[in-house]
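Common to both upcoming complexes is subunit A, partnered first by subunit B, then by subunit C.
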Partner chain A sequence: MSKGMRKYFKKKIFWFIITFVAAVILNFLLPRLMPGDPVNAIVGKNVSPGASPEQVQEQIAFYQHQFGLDKSIFGQFFDFVVNAFKGTFGVSYSQYPRTVADIIGSGIWWTLALQIPAILVGWLLGNLLGAVAAYRRGIWDKVLMPVSLFMSAIPAFGAAVILLVIFAVNLGWAPVNGAYDPGMIPAFNWNFISSVISHYQLPFWSIVLISIGGQAVGMRSMSIYELNADYVKYSRFLGIKDGKIVRYVFRNAMLPQVTGLAMSIGSSVGGALVAETIFSYPGLGTAMYNAIVSSDYPVISACTLIITLMVLIASFMLDIIYAFIDPRVKAAQFD
Partner chain B sequence: MKNTLKNVFHSPRFLVGFIIFMVILLTVLIYPYFVTRDPLLSLGKGFLAPGTYLSVYDANNAPTYRMELPEAAINRLESAIPTEDRQVMLDFLKVKGADVSGVSTANDSLDDLLALWKANYDEADVKASKYQGFSTQAQRNKLRRLNTSILASEQASAMSLSKGEGDAVAVSDTDYIKVNEVANAVSLPLGTDNFGRDTLTELVKATGVSLIIGLIAGTVATLLGLVVGLLAGYVGGIVDDILMFIANLFTVIPGFVLLILIYYSVGQAARGITTCALVIGFTSWVWTARSVRSQVISLRNRDHVNLSKLSGHSLFRIVLTDILPYIASYVVMAFILQVSSGILAEAQLSLLGLGPKTTDVPTLGLMMNWAKLFGAYTSSNAWWAYFPVIGVIALISFSLNLMNTGLDQVFNPALRD
Partner chain C sequence: MKKLLALVLALSLALSLVAVAGAEAPTDLPRNETMYFGGQQWGPAVGYNPLSSNMNNSMALASAPRGSRTIMFETLYMYNMLDGKLYPLLADGDYVWNDDLTEMTIAIKPAAKWNDGTPVTAEDVAATWDAAVAVKNGTYTGYNAYIASVEAVDGKVVIKAQLTEDGKPTNPLQFYNFLSATYIAQKAWLDTLLARNNNDAAAVLNDPANDVAYSGPYGPYVMNDQLVAFVRNDAYWGQDASMWGKLPVPKYIAHAIYADNDAALVAFKAGQIDVNQQFVANIQNLWEVEGLPIATYMDEAPYGICATMPTAWFNMEVPALQVKEVRKAIAMAVDYDQIIENAMTNQSPSFVQVPRSVMNPTDGEQAMYDHDAVKDLQFAGKDIEGAKALLDAAGIVDTDGDGYRELNGEKIALNACCPNGWTDWQAAMEIVAAAGQNIGLDITTNYPEWSIYQTVFTKASQTEYDIFMYSPAGAEPAAPWSRVRSFMSSDFLGVDNNWSGNFGHYKNDRIDEIIKTIPLTSDEAELKALYTEATQIYLDEVPSFSLMYRPEQFHAVNETVWTGYPEKDDGNNIPPSDCTDGYGIAALYNVSLVGE
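Showing the complex of A and B:
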């Protein structure tokens, strides 16, 4: 490892840590700025109608102690960090006495299993279409590009709603909401798995459909840019075979697309919010939405922490990978 | 400048996008002069399907004209006997043993179907339940009712209606009224939403409000991004580090989440249209700042900039005269994209119920939210309450994206086809 490279990595790691710490503090602080007292809401739900004011006060004090809300903001932050290290993230306010880790644990697998395959499939199909459109031109380009451009203009929730209405409500090919038949108990048998698969289709395709358009447009313009580059003309003069040139061209055009892929996987949990609410999919997006509605700070903090970590790691990995694969970054950063 | 504009308008993509956007904008501006009704006025109850609605009372009092349409009888029959009933008739004829080849439930074979029916239907046989598959009382009643309704719609029956103050007047099947002579006729091309509001009028108003939101959000985001990008790129050093650190924070905590959190912190009362737009702008400046910064970095060591520095020009002047003109085209493109993503952000926020809290004006997102809350997707199946909204959002972003790629091709020769 050269000296320049070491310096580059040191600088990256330094900013990674600083950003992480600041993000953790913000993740803790922002939800707590939200109006609405969560303890009052819980007590209001649980206290019997005839309770005396003293009893209500006692209840409030009990829950405040349970949640550590009687401590100063610094004490609360200390608890937050300790709980994060323990992996429990504390107790949920709205679903007391469930722990935050439990709520997140039940949601995150649904979200990841939905988002990551959908993003990958959409990315692959979109890039393929974009590359073909750039290389073949002609009718492919003339028809495909306006269609892709229009597809990428349809908002994510719009595509989800249209799919929902056509395939679930009118044609009845797929269930309207949820991740599996509500009458079923999760188990590893064929009935349950087929129910999960049929519930999976619509949210999956709504995400794929949206990402295809954007990726195709991006890949096409990158490919055209590269196809017009000097090295391509020079290679042609040298008589290098077309197939070989095209391989170079698309490898170079892929670079920014890889960034896009990593960032969209990093932000997949955050992006899950809309599709999940429309299909009532029991993932992290739905959990976060419910937490926001009921001022459930620990759940919100934990969700945003997960999103933050995923995005941070994705962008950090990109910086590292780029330093190795892109000679331009190498030249710019290591000198 | 003139030449640049000419180039821009020669780009077919930009032109198409510009025209679509202008059509939307002009509709928003002109429509209120034709339909002066308050867009949030409730006309009825619940979802009404698109169509023209005539007041029955006023229709009775409208002057009548005599007209003899040759297809009037068959039209009446077609609407009186729905497809399910035709299927029952076919089933009955099959059981009866009639030759039903070439006869279907389609409109154009209704004549044949009726002829067959009249030839084969026998009240006495039905009563005696001679037919297989029509043995229960309910099924026999169904057949009898069907026969009665066929006879009734075929005879040009005279109805008597009370006109005005109680004196009954006969109405014959050759009487017609003119739609625009009915005192109260409402044309609802897109029906009504769950509150009974005229969806088209509401949609036009909502489009206008959403465009304003996009404009405010786009302006705020572009200005913030421009200032941060210029400072970070041109000044460099510690200023660059700090500004990029803040930008990183905004990337790491995804804009959407940040938006929801800030938005909730602002409180319900303050969540108007402007706040919504400002918050969206405040959370989406980051990528503009990054791109401006990287362009400024490549510009800051050009000869003309160095010359200005040597001449002792102020930082403000150098940025304004030596750097801004070079990135101006880029800033315009970024602004267009920011407007489009601002409109989208509002729609997403509102769909989740986190949009502007207002009862004075509709926005595209609020219309989506209402459609969702009142079951337009599922139970009511009222496509007119949400599909046009999605269409308008898609058209706005499509036109803005087209304009953007058109500009890109004009200003970035490497991308030209």
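Showing the complex of A and C:
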């Protein structure tokens, strides 16, 4: 590793840590700045109508103590950091006495299994469409591009609701919600797996469809730019085959698209919120939505911390990869 | 690249399957043996601890005076809101009071057994109370002010009252709530629970109690992020002739966990939910227009039994609302028929059909006050001219010609609030605001999120919300006394986190006296006089005003799989309380499969 490279990595790691610390503080602080008193809501659900005011106060004090809310904000932050290091993230308020780690542990696999394939497929289809539209023009450029653009302009909840109404409610082709049939018990058998796959379709396509357009537009303009580049003209002049030229163009136009992919994978947990809520998918997005509605600070903080970490790691990895794959970055940073 | 993508895709799918496929033994639920419920369980359940209110397991643990859900744990009595009576469950026959209402004695059914085969005894009931006191749970919080002890004497349960200084019981009415709300737990299991948690209250209340003993007809089957399900205990004691004489029909009780009301409604319409507890606007359209096999307790509006009355409370800290005429004028001007038609889509009787009072519309409560004595006070709404005349007479007029009336030179501007997303309530508040505009009061609406709303309106003192909505006590054994108290008692003044009632902070000494007297009064004529007077004060002073009547639990059924649900005038006297609550659980013994 050259001296320049080491310096480059040191700088990147330094900023990574600074950003991370700032993010942890904000993750802790921001949810707690929301108005609303979570303990009051829990007690409101629990007290019997005849309860005397003194006894209600007893309950309030009990929960405040359980959640550590009777400590100063610094004490609470200390608890938060300790719990984060322990990996439990403390207890959830709305699902007390469940730990936050337990909630996240049961949701994150559903989210990743839904989001990552959907993002990859959307990205792949979008880039293919963009490249083909740029090169082939004709029907690809005049019909498919505008259609996919139109789809990407539909907000995520809109796409999900439209798919739900058409394919689940009206046509009955797909189940309306959940991750598998409500009467099923998770087990490693074909019945269960096929139920998971059929429940997977609508949320999956609702994410794919809206991401195609955005990717395609970027890829198309990058490709058109590259198609007009000198090296393409020169290659044509030399009589190099079309297929080979397209491969050159695709590789070069790809670079900025990789950034987009990494960022969307990084933010997949946050992006899961809409599709998951609409399809009652038991992932992290649903957990986060429920936590926000019920002022469940520890769950919100932990979810946002995960999102922050994923985005940070994605962009950090990107910096590193770029250093190797893009000669321009290499030239600018290492020397 | 493509190969890599395919690999990642396959791997993540496989991983997710492995992650969710635990080592759980139960098999899938056969549809024709399972009754699915909706609208009760939100978010995953935590455990089965009957002492705790932290389990979020609402199919197993929903204890309430208006009728506890007794599929897993049982109460001494079951409340029936149709006739206002308590029916014995674990108890054998009626309770017996001593002469001065300080002691109640209850026998236990000899047939009653725990799922481990041991009998349910008076000692179990006493131990349940002792454990509640030890860990200060909801039972303790709710009844400690009224119950001094629960003891086992000669095989019977003896409940002793807390006494006032002059030796009278503090409130015998609360005993009835206790009987219908308290799940009885097994003494042997309670001893284990307390011992394994070293008697630490927080640890006891957080114990998920997966080993708990239960006396009800169903036991735990599945609990995960998508589903809670219970399986019938075929050795259930209730098949004895002294109780039901048979087992409940569905083998499994299940509740899928939906993200929100919309998702649950879609599932209900698709026949994935059999019994649904959810407000559905224009519910009649589901069968009249969409032709679905969906039914309610009654074929015609209001479709259900309304037992509570969502109410608009006046904030007594707002100067304009301290003037009785302003309060009354607003209440008189509101178009209640429009609220009932638009907000409730006619799932409520009108205030002409059931004139307003402190009573809910059930026959039992309506008989408890003298209708003629309060006739002149029972405003039915939309009386714009009357309201204007009332304000004019009080000297509250528009002096500066801006179209709005002033009080002491200041324009009367008020907000009308309810939680955002509670659409029927929001529709009601729009109509209240319109009424204000019609009589020269500048009322505007404001809809904060529930997480904020609940913090503000339960404060000991607040000036953020002027007119705001919440419900008073509903149907329960201690009603309508508990409703009078929740409307007007000064017991709740000056306390933060007030969920008990009198949210507008009204004070009236005479009402406080009436609230103290009613529980100790057994003479029916005297009781009626007291309730009539309470109604007079409430309608004359207008510290709050009800906007609609409303079922406490919505009860709609999809008869794709099961049929034979309770219906009005079917002669069974089973209330539409979702086939599980209070005496409503009797429905589970009457249903049958469609086509059988």
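One rule holds in what follows: the second predicted complex is superposed on the first by the 325 of 335 C-alpha atoms of A that agree within 3 Å, B and C clash if a C-alpha of one lies under 4 Å from a C-alpha of the other, contacts with A are read in each partner's own complex, and residues count from 1 in each chain.
Definition applied: contacts are C-beta pairs under 8 Å (C-beta built on N, C-alpha and C of every residue); 3 or more make two chains touch, one makes a residue touch a chain.
Nothing here was measured: the structure is a model prediction, and the numbers come from that model.
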Which superposed partner A:T277 touches (first subunit B, second subunit C, both, neither): both
Touched partner set for A:P155, first subunit B, second subunit C, both or neither: first
Subunit B versus subunit C as contact partner of A:V176, first or second or both or neither: both
Per-residue contact with subunit A, leading partner among subunit C and subunit B: C
First, second, both or neither for A:L26, with subunit B first and subunit C second: first
Partner chain in contact with A:V81 - subunit B first, subunit C second, else both or neither: neither
Which superposed partner A:Q57 touches (first subunit B, second subunit C, both, neither): second
Partner chain in contact with A:N290 - subunit B first, subunit C second, else both or neither: second
First, second, both or neither for A:Y225, with subunit B first and subunit C second: first
Overlap of subunit C and subunit B interfaces on subunit A (superposed complexes): 34-35, 164, 169, 176, 277-278, 289, 293
Contact set on subunit C toward subunit A in their complex: 5, 8-9, 12-13, 15-22, 24, 26-31, 34, 36, 43-44, 46, 53-54, 56, 64-65, 136, 138-146, 171, 174, 177, 181, 201-202, 205-206, 222, 224-227, 254, 256-260, 263, 266-267, 269-270, 272, 449-452, 454-455, 458, 473, 476, 478, 482, 486, 491-492, 495-501
Subunit C partner contacts - residues on subunit A that touch it in the complex: 34-38, 40-41, 43-53, 55-60, 62, 65-66, 94-98, 106-107, 109-110, 112-113, 116-117, 120-121, 124, 164, 168-169, 176-188, 191-193, 196, 276-280, 282, 286, 289-290, 293-295
Subunit A-touching residues of subunit B, taken from the complex the two chains share: 245, 248-249, 251-254, 256-258, 260-262, 264-265, 267-268, 344, 347-348, 351-354, 368, 372, 377-378, 381, 383, 386-387, 390, 393-395, 397-398, 401-402, 405, 408, 414-415, 417
Residue ranges of subunit A touching subunit B (in the complex, touch as defined): 15, 18-19, 22-23, 26-27, 30-31, 33-35, 137, 149-150, 152-158, 161-162, 164-165, 169-170, 176, 217, 221, 224-225, 228-229, 267, 270-271, 273-274, 277-278, 288-289, 292-293, 300, 303-304, 307-308, 311-312, 315
